[in-house]
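Some structures are shown below for you to check.
In what follows, chain A forms one complex with chain B and a second complex with chain C.
On to the complex of A and B.
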């Protein structure tokens, strides 16, 4: 019962809304918790015990940190030290579960490969673990909560129901967004009645998400799979087409799912944080990541980038570099060390595979280069009288960003690092555009599929461009007269019903980010 | 008052939506009870391109059929005309619907049914895990048949997924190769595999229909280590005996057909590629010609278009 299935938006969600609405206000939070646990159970069954244990641990760690802080016996340093130990224990306990369940095989296999290089005859046999849904997402939310309590920016929650609501809210458990405690828990616990406008706008947002996911992303999926799994004898133009399709699929699927999630939250009055903000309109790789999977980026910024930048050893290293190379070089030490940690974690968070680690390091190098060349490039442009706001420069910048994103996503989706490099070599070494044109309808999408996918992408692009200019189509439509409004929404619904890539003849496509 | 107004308005909106869904369901629902409506529609369109009363033999089945039976090769070698009405993941409900379409314009003497589809659920509804979608589809058929919008697009704009489908009389000319290295797959056993739900019911209907039309029905299993087993052979042999049908299992004829599994399979033993199909078509073509005394049209001017199709096919046959 993933978010894009009829079982979710036409059965599960309406039933939860109905139950929520008919139950007295003070018990509505219980309806949400019950829905959360049923939803979780439907995917992960008994593994719900992980979620329950994580909730209990988070609750007690929060209170433990708070009590330690209140036991101020005058020795502030000692209290901070104790608090830090509790925080470290809380983070380590949760990370341990994540690492064991998701990364044991990867680390075991990597160690085994490494030992083979030194002629040590030890082979890792592999261990099978069942991984509960949303583990990577709720682990980050736990870290966020207990760190905020440690920092004193958040009071420890004494109502365990609120902690449970925060960690398990069913619309966001599978794919995020990674919310902060204050963004969900209090509103969900308050149990306000479902407002008509929230219900209406929530379902409209869900419809937009379904359009992106079912009409476009799922239609492109067979082409992506076909090309990535069997690229060896294909022309570079076809491989490039596969990569372009994958970028479109990934964006439309993930952002579409976020629309469904945020729309679902809106129905219950919860304003979940946005995860995408027209990423392809970014001016640089760094900005791209401030517009793509925003909540993951802000999590890393708040809980890895800043702490690493301000860490003692990093500061000391910066001082040493300053002494030796001067301020112009030393100013990059702390941000670069922090940036490295952020991108190593980003890569690993996506999964236990070298392709993801490479993906993280790829963006680390690119953003590092962007950071150190920002000023020189600006000065050079001024010297050469290049107008950085001219259309020509904007086209150059957009083309550069597209190339960066395409190469990154190629490795992100490739079956292995070796395959990624082979595909890249194929694009540059054996590229004949005629091969793509003569084979395009043999790539698992017929001509009408291509037309639907293309038209869908154009619609999403136009809506995104308008949004960038603060023009909200939904708001505009809500101002129309009733007949026009109804015709618009009937057309939108039928567009998804008729042109959706679902049912017989189509493969049901799992949510990509639910696997991370 | 405001709330009542909103409730009435919402109910009216939903009622309007229900009407739209009902109307589109009527438009989209196919005439026959089929599962893969788009596959059946496309095949029906392709069939109409053939001259009426010009086909002597017809093949039905799933992807195994259109990967293995090459009508142009059989025409070149034996002189009779045939057509592959196979569709991807064909269920017997689709087979029956296509059979009715086919016999409305043709009168073949022989009907060959590739047996892999007997082990698939034969009914029209989905048998996958999405039970909720199945339930909704029963009430709102447009959810099931929505993809038929493609068949309403004029032919000039819409070309079929596999262009070679109609050019090669339903055969799919595919030369890709992924070797099968699993060795022998037909290990003798007493076990009997379970056939798909509804299979027997549809097989009865198909048998009755072909008898009414005066055509012989024969069951054929093409070599496929990935899909076939001795237990499946036993199951088909049993049902064939029960219904008095002939059954030719080419999986047990490895010496006669001699498929080189390192070169003549498209995808590791699932489907045959062109080279594998050439061997199967050669053997089966001769077998069917002799068994049913099929006519030789090679010298008949009315069949010159078949000769041209063979010449222009680009296939080494």
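On to the complex of A and C.
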């Protein structure tokens, strides 16, 4: 029952809304928790015990930190030390579960490969673990909660129901967004009635998400699979087409899912944080990541980038560099060390595979280069009288960003690092555009698929461009006269019903980020 | 306050720091700028800034930065 299925948006969600609305206000939070756990159980069954244990642990760690802070015996340093130990225990306990369940096989296999290089005959047999849904997402939410309590920016929650609501809210358990405690828990616990406007706007947002996911992304999916799984005998132009399709599929699927998730939250009055902000309109790779999977980026910024940058050893290293080379060089030390940690974690978080680690390091290097060349490039452009706001420069900047994103996503999706490099070599070494045009209908998309996917991408692009200019289509439509409004929404529903990729001949496509 | 304004001007010139209240919200200071600022403030005012202090409320204006510095000095 993924978010884009009829079972979710036409059965499960309406039933939860109905039950939520008919029970007294003070028990509505219990309906949400019950819905959360039923939803979790439907995917992961008995593995729900992981979520329950994580919730209990988070609750007690929060209170433990708070009590330690209150036992202030005048020795502030000692209290901080004790609090830090509890925080470290809380983070380690949660990360241990994540690492064991998701990374044991990867680390075991990597160790085995390494030992073989030194002629040590040890082969890792592999261990099969069942991984509960949303593990990577709720683990980050736990770290966020207990760290905020440790920092004193959040009070420890004494009502376990609120902690449970925060960690298990069913619309966001599978793919995020990674929310902060204050963004969901209190509103969900308050149990306010479902407002008509929230219901209307929520379902409109869900419809927009379905359009992105089942009309466009799922239509492109077979082509992506076909090209990535069998690229060896294909021309570079076809491989490039496959990579372009994958970027479109990934963005439309993940952002479409976020629309469904945020729309579901809105129905219950919860304003979940946005995860995308027109990423392809970014001016640089760094900005791209401030617009793509925003909540993961802000998590890494708040809980890895800043703490690493301000860590004693990093600051000392920066001071030494400053003494020797001056501020212009030393200013890069702390951010670069922190950036490396962020991107190593970003790569690993996406999965236990060298392709993801490469992906992380790829962006680390690119953003590092962007940072150190920003000032020189600006000065060079001034010297050469290049107008960085001219259309020509903007086209150059957009083309550069697209190449960066395409190469990154090629490795992200490639079946192995070796395959990724082979595909890249294919694009640069054996590129004949005529091969793509003559084979376009043999790439698992027929003429109708190509037209619908192409038109869909144009619609999403136009809506995104308008949104960038603060023009909201939904708000505009809500101001129309009733018949026009009804015609618009009826047409939108019909568009999804008629052109959605489902039914016989189509395989249900799992949500990509649900696997992370 | 004068010293703080000089530091800000040095890190990111061309901004009216005396009146600007949206240094973070309008992305005038990015993560790199914030870290440079933290390093300079720590050296100039002999305070230690923890990650918990790196929030928009503290960094959105010279005034809020100054309040944070005074608070941290008072806590020591």
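Throughout what follows, the second predicted complex is superposed on the first by the 516 of 516 C-alpha atoms of A that agree within 3 Å, B and C clash if a C-alpha of one lies under 4 Å from a C-alpha of the other, contacts with A are read in each partner's own complex, and residues count from 1 in each chain.
Following the convention adopted for this analysis, a residue touches a chain if its C-beta (ideal position, glycine included) is under 8 Å from a C-beta of that chain, and two chains touch if they have at least 3 such contacts.
All values reported here derive from a predicted model rather than from experimental measurement.
**Student:** After the match on chain A, would you call chain B and chain C a fit or a clash?
**Tutor:** Fit - chain B and chain C, as placed by superposing on chain A, sit side by side.
**Student:** Using the superposition on chain A described above, determine whether A:318 touches chain B (first), chain C (second), both, or neither.
**Tutor:** Touch status of A:318: second partner only.
**Student:** I'd like to know which partner A:486 touches here: chain B for first, chain C for second, both or neither.
**Tutor:** A:486 contacts chain B only, not chain C.
**Student:** Using the touch definition from the top, say if A:498 reaches chain B (first), chain C (second), both or neither.
**Tutor:** first
**Student:** Applying the touch criterion given at the start, work out whether A:153 contacts chain B, chain C, both or neither, answering first, second, both or neither.
**Tutor:** second
**Student:** Could you figure out whether chain B or chain C reaches more residues of chain A?
**Tutor:** Of chain B and chain C, B contacts more residues of chain A.
**Student:** Counting only touches as set out at the top, which of chain B and chain C does A:306 meet: first, second, both, neither?
**Tutor:** It touches chain C, and chain B stays clear.
**Student:** With both complexes overlaid on chain A, does A:448 touch chain B (first), chain C (second), both or neither?
**Tutor:** Touch partner of A:448: chain B, not chain C.
**Student:** Using the superposition on chain A described above, determine whether A:335 touches chain B (first), chain C (second), both, or neither.
**Tutor:** A:335: touches chain C, not chain B.
**Student:** Would you sort A:138 into first (chain B), second (chain C), both or neither based on which partner it touches?
**Tutor:** neither
**Student:** Aligned on chain A, what is the least Cα gap between chain B and chain C? Give it in whole Å.
**Tutor:** The answer for the closest chain B-chain C C-alpha pair is 39 Å.
**Student:** Which chain A residues are contacted by chain C in one complex and by chain B in the other?
**Tutor:** On chain A, no residue contacts both chain B in one structure and chain C in the other.
**Student:** Show which residues of chain C lie in contact with chain A when the two form their complex.
**Tutor:** Those in contact with chain A are residues 31-32, 35-36, 38-39, 42, 49-52, 54-55.
**Student:** Give every residue of chain B touching chain A within the complex, in rising order.
**Tutor:** Answer in residue numbers: 3, 6, 9, 13, 16-17, 20-21, 24, 35-39, 126, 128, 130, 132-133, 136-137, 142-144, 146-147, 149-150, 153, 157-161, 163.
**Student:** Per the contact definition, I'd like the list of chain A residues that touch chain C in the complex.
**Tutor:** Touching chain C from chain A are residues 151-153, 301-302, 305-307, 309-310, 315, 318, 327, 330-331, 334-335, 371.
**Student:** Which residues of chain A touch chain B in the complex?
**Tutor:** 1, 5-7, 10-11, 196, 441, 446-448, 482, 486, 489-490, 493-494, 497-500, 502-506, 508
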